[in-house]
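The structure under discussion appears below in the form of structure tokens.
Should a chain be cited, it is by its letter among A, B, C, D and E, assigned in written order, with residues numbered from 1 in that chain.
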Amino acid sequence: MQTPEQIRDRLLARFPGAGVTFVANPGASAQHSLLLAASEARAIAEFLRDDPELALDTCSNVTGVDWPEKEIVETIKKNVPDPAGGPDKVVEEKMKKTQPGCLEVIYHLYSMSRKQGPVVIRLRTGNRTDNVTLPSLTPVWRACDFQEREVYDLFGIVFAGHPDLRRILMWDGFKDHPMRKDYVDPDDFEWEPTPHDDVLERAKEHYPAAPVTAAPTASPTPEGKA
Amino acid sequence: MSATNDAFLETFPVTLRDAATNWLPAPWNWLAQGLIAVVAVLAIFGSLFAILTLVERKALGRVQNRPGPNRTGLPYTARLPWLKFTEGKIFGLGQPMADGIKMLTKEDIVPREADQVLHFIAPVAMLAMSLMTFAVIPFGRNLVPVELDASVLYFFAAGAATELAVFMAGWGSRNKFALLAAMRALAQLISYELPLILSFVPVVMIAGSLSTVGIVAAQSSWHWGFIPHWYVLTPWGFAGFLIFMVSALAESNRSPFDLPEAESELIAGHLTEYSGFKYALFFMAEYLGMTALSGMAVTLFLGGWNAPLPFLQFIPSYVWFAVKLLTLLMGFIWIRATLPRLRMDQLMHLSWKFLVPLCLVNLANTTVWHLTASLPLAVRWLLCAVIIVAPFTLIGRSLTKGVAPRTYRYAE
Amino acid sequence: MIAFAVIALLILASASLAMCLRNLVHSVLLLVANWAGIAVFYLWAGAEFVAFAQLLVYVGAVSMLSLFAVLLTRRSFHDLDIIPESVSRATWALLTAGAVAGVLIGTILGSPFGNVTEAAPAVSMRQLGEELAGTHVAGLLVVGIILTVALLGGVVIASKDKEDKS
Amino acid sequence: MLGSGLLQGLAVTAKNLVGSFHDPARYTTVEYPEVKEQLPESFRNFPFLVTDNATDPMGALRCVACQICEKECPPQCIYIEKSKDKKPDATGKPQLYPAVFAIDTSVCMSCQICVEVCPFDAIKMDQEFEIATTDRFSALLLNREQLAKPNTYFHQIRPTEAAEVDGRLTAERKAAEEKAKAAAAAKAAAAAAPKPAASAVPTATPAATAPTAPKPAAAATPAVPTPEKPAP
Amino acid sequence: MSAPSENSPSAVRPPSSGADPSAFPGLTSAPGSNIRAVNDPFHGDLLEVSMGPHHPSTHGVFRMMVTLDGEVVVKLKPVFGYLHRNHEKLGENTTYLASMPYTDRLDYLCSMTNNWAYALAVEKLAGQPVPERAEYIRLILAELTRLLNHVCLAGFLLQDCGASGTPLMYAFREREKILDLFESLSGSRMMCNYQRFGGCRIDPSAEWLDRVRALVAGFPRFLDEFERLITGNEIMMARTPGVGCLSPKLAISAGITGPMLRAAGVDYDLRKVDGYGIYPRYKFRVPLGAHGDTYDRYMIRVLEMRESLGLLEQVMKDIPGGPIMDPKAKLRGLRPKAGEAYGRIEGPKGEIGFFLISDGSPNPYRYRVRPPSFVNLTVLEDLCLGHTIADAVIILGSIDIVLGEVDR
């Protein structure tokens, strides 16, 4: 089974100039992955599937991940010459840098014919707002069909070339993408008052207090409804 | 033979009827006897329908290792001392009453789009036709509601009209599913009418008469004192009986052929738009149809009300008829508890390419049986058995060609 | 006598109603009632076999045939109510009907209906059978052959339809 | 032969039909209201709070309102408010107690994670499942009084687990007692030597329970308050 | 900023026109299928039927928009999402331990295998060793869950074929015995919440293990009786063979896993491929089908039940003593190092996998479930085209889906 580094080298040899970078996985499972540039993703995927050595003929898992903008505090050690001629002082400067956010899709590819372990490839979108299109790998592996529709439905990544890209879990009228980190829970459901405390407050907003002056029948008490 | 004729229990129903009607002048007498016969049939088979629903659910339950309905009881039974132990629940006997009341009190919804006239007439026609078929079945020694010369033909003429009622129900309720199911039901009823009728033709040929009383009389004596003359014991009779039962299953929409109201596909077939008492009428018509067909099977093949052995004749004839009828009904329920459902094209295939050819072969078989009257019984029996079993296996193989239980290989 | 009048009325009423109803399915069902009435007449005349044959064949099978014909040719539910295209066509239809009726009534009135004295011959099933299979067996076989040929024709036409669809 | 498969199937159903009359393995229904099946000991339904003293249920709640279960509960259905004052618990050591301890049984999925993470064995899973009520709101929010049940009830529903828990608790108390005695002896020795030495702060182990008074003798047959159904 | 407002961007074909078969590479048109998508007037119009969420044979809230030409299925669009409660968002807002009881509710028929898959993924993420006895207990529980699931499937499949409840009741009678074992071990029949990271929660008693041995001994007798009732049955032989044939090439490309894949003839069983737990130490065979039709899918599951019984007998002989939980395992404050891990096991329905990305905090950064039923449904339309509606019901039954897992 070839390690990701070997695969990267073969891919770079095969597709000169393609954006294939190695992404290390610091965790204990050591399942390292390859970040593919969006442009040649489909060609590389077909190569991975058809290459007799790799023969990655099935895609077991398609996962969407949302990486929002992040404030990274970089500490840079700079030695500042001491004006009084003393030894240089090492000063740690905190530099605030915003890492641009992106939406990412991770494919776990397996080879059923050669029974070989996961080759993990990642595709990243430009940013999280307008440039959210990625090439769909459904024409390469049919397994990605429903899972890409789910990533589209829950993350908003548009897969170009997907035969039937529609929302799969949410109803078609739903506007937002719930699995994004910055998703705000819409508050327009008719809250069913349950004994839970904070739920009760929310429910109060929705059931306006009965106008005191109105005739008793107007108050929404149960007997009023009879 | 005659000694047992006038045993008290044997003639009790007839003497009762005569006592009630003899004092009337001629025309009214005939009318009163007719009415009594109608009331008797309605009472007996109406209550048999009620009990049959309960017995079916309890038998289905027992087959599935559960008790079946045992909660509904009859009022005041708990207070009777000798029924104390049942705590008013007497094994669910109250269930038919409970179902009946529920059906009566349920709201009877008629869809606005529906064709009111057809929607109303369908259950009435269905029930009327099913009840009319009881007129010719001989329940006992001289307990035939109506004695007709061509009574078997009458039985199938009345039965054929139920298809009309099914069509009216499916068409009248203006519902996509109902229409789809009505077409399915019609195709099934018509294509199983043929084997049904062809399977009883040998009986008529051998018995020499179309009237049920004649057929039962032809089966009344015994070979060598203990083998009864029933047609089911002859090879062609046994084959005819099996084909008759399979077609009866299909005619009354019972288990392997309950395509029209296959709940897993169409919701409830042509009964989708019916609720309340009209639904109960359809339900009742189905059960009465099933009972009538088994009654006719008993008359044609199982020797009607004849006792199986000579010395058993002290038991009244109508009891024998009841025993045979109930065993056949148990068979219906048993099959319903076990078998999965056939697909529509397989249903048609089974009827046209398997049952009808077998019926024709059976006709030839009967003629062979009739012409070889001079040969000893055993040789004759064997010859006819071979004539019917050979095509059965041949056509049977074509039915299940290419489909055999498979053997599976393992990875390592 | 009253029974005879009632049944005759039933037959005539169902026939005429069948002709002038808008809804085709209703008219077919009325036709079936008509046939049932005729079957009752046969019973009345003592010919049980013909009555049950009539019931079995007409009410059982021919009604299904006509209903299927009506259903398969009509496109959907509501265009079953036939409205005559124009008044002239209606008048022509009435004229031809009147002519045919005239001819029929003429022949009925012309034929001598003497009051029949001796009772209708009580023909039992056995004699009927022997008559059919005995002296008239040739006719029976010819009719049988014609029917099977018709059946095979129907099957061939239907199967041909299946081939060009797939 | 064509019909042999069907006949085999019919034979199986016949065997079951006949079997259901005499063979208990083929008659599995338990007619519930009359016949109640004996539940396994580890069956769990909604949690309850264990109190050490049988007679006055509010007297000695083991719970010290440490709110670990409130944090760990997956559907967040436990609501605890700490008491301001301290009350001596069963072992005599002044401990906090929960002023409000509410479980919203319409949200709780009886996953027993609270029992697992509770360091004081203060909350256990109940086996009472006939608790249907008509009121959808207040009746499902069980407060402290409805949740508290004596340790004897815990012994009754889960004998082995209760015995093991009590064994562990008494062992802990004994260990705590020796430590306290050793600390007291060390303190006395230190006090005896340098008179004016600062008095060692009695280092009561923060953990679990302080040295206990002799465990209240298990009353002979404590009137076990039958878990009456909350008022509909 | 939310995504582009209208949810079907122009780049993609408007959803209303269904996928015509040519768009799917590798779609083998079903045998004898004359797919006629266009309404041609002469043959009468197509019947658009919604076998909707309340249909009695869709195993839960699952809907199929079926277009019928007479009885033959011309187009079939699965619609689900009725049971979607965003299980993955829940996983990201609670700790690792708190997600464990929620995994019972994924495939609510096989809670033990769901627990094991999640525990395996977290142990792979955190590098947490598992003691020997826990591995044995996990294998026993997984094989018992496989028995339970396959028995349920056989019962439901026969119910769809029309047998009025009898095989289903026999299947449930056996299932109850296994559920009683789970209840006496973990406290609840279906929501066991039994496995933890680094072992199991409760040590099974010797008496419990004897009850498992008794069940394993008695199960083959039930299986023989069940096979006598069903497998030789002519109607079953007529209804299921040749219905919904799945070609191996399409199965592999569509990521089908589990008995459905092996019925198509592909030899791929995670217990042999990944060799997780203590499966490599014991000998068991993997049955393979030849035609990939509904009958094969049913028979493969029956044969797998027999293999599981053999495996259980071997394992029950040498269960070691020792701790049930790794002593160093932390129950509450689990904070795995930053990184990601994808752990998967061979669940009764196929490969159930958990993909976790952790950033060092007690809550997982990304918690992804790879459900077998959801992916196996990809080929539902390919299997059903050309068959009648009665077959479509059976094909759905043979794919064995559970909506809790499909919708998450």
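As a convention for this text, a contact is a pair of C-beta atoms (placed from the backbone, for glycine too) under 8 Å apart; a residue touches a chain by one contact, two chains touch by 3 or more.
None of these values were measured; they are calculated from a predicted model.
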item	value
Path length in steps (a step moves to a chain that is touched) from subunit A to subunit E	1
Which two chains share the largest set of C-beta contact pairs	A-E
Chain closest to the middle, measuring from C-alpha centroids that were averaged per chain	E
Label of the chain whose CA centroid is most distant from the centroid of subunit D	C
Remotest chain, subunit B as reference, centres from CA atoms	A
CA centroid of subunit A to CA centroid of subunit C, Å	75
Distance from the mean Cα position of subunit D to that of subunit B, given in whole angstrom	62
Whole-Å gap separating subunit B and subunit C, where each centre is the average of the chain's CA atoms	30
For subunit C, residues that touch 2 or more chains besides their own	none
Overlap residues in subunit E, where contacts from two or more other chains coincide	166, 170, 173, 229, 232-237
Residues of subunit B touching at least two other chains	63-66, 337-339, 400
Subunit D to subunit E touching residues, read off their complex	2-6, 8-9, 11-13, 15-16, 28, 40-44, 68, 72-74, 109-113, 116-117, 125
Subunit B to subunit E touching residues, read off their complex	60, 63-66, 176, 180, 255-256, 258, 262-265, 336-346, 400, 403-406, 408-412
Parts of subunit E lying in touch with subunit D, wherever the complex brings them together	94-95, 97-102, 166, 170, 173, 176, 180, 183-188, 191, 193, 201-202, 225, 228-230, 232-237, 331-332
In the complex, subunit E residues that touch subunit A	1-5, 7-9, 11-13, 15, 18-19, 23-26, 80-81, 84, 86, 88-89, 124-127, 250, 252-257, 266, 268, 273-274, 336-344, 351, 353, 355, 357-358, 365-366, 368, 370, 374-375, 377-379, 407-408
Complex contacts: residues of subunit B adjacent to subunit D	59, 62-67, 70, 334-335, 337-339, 392-393, 396, 399-400
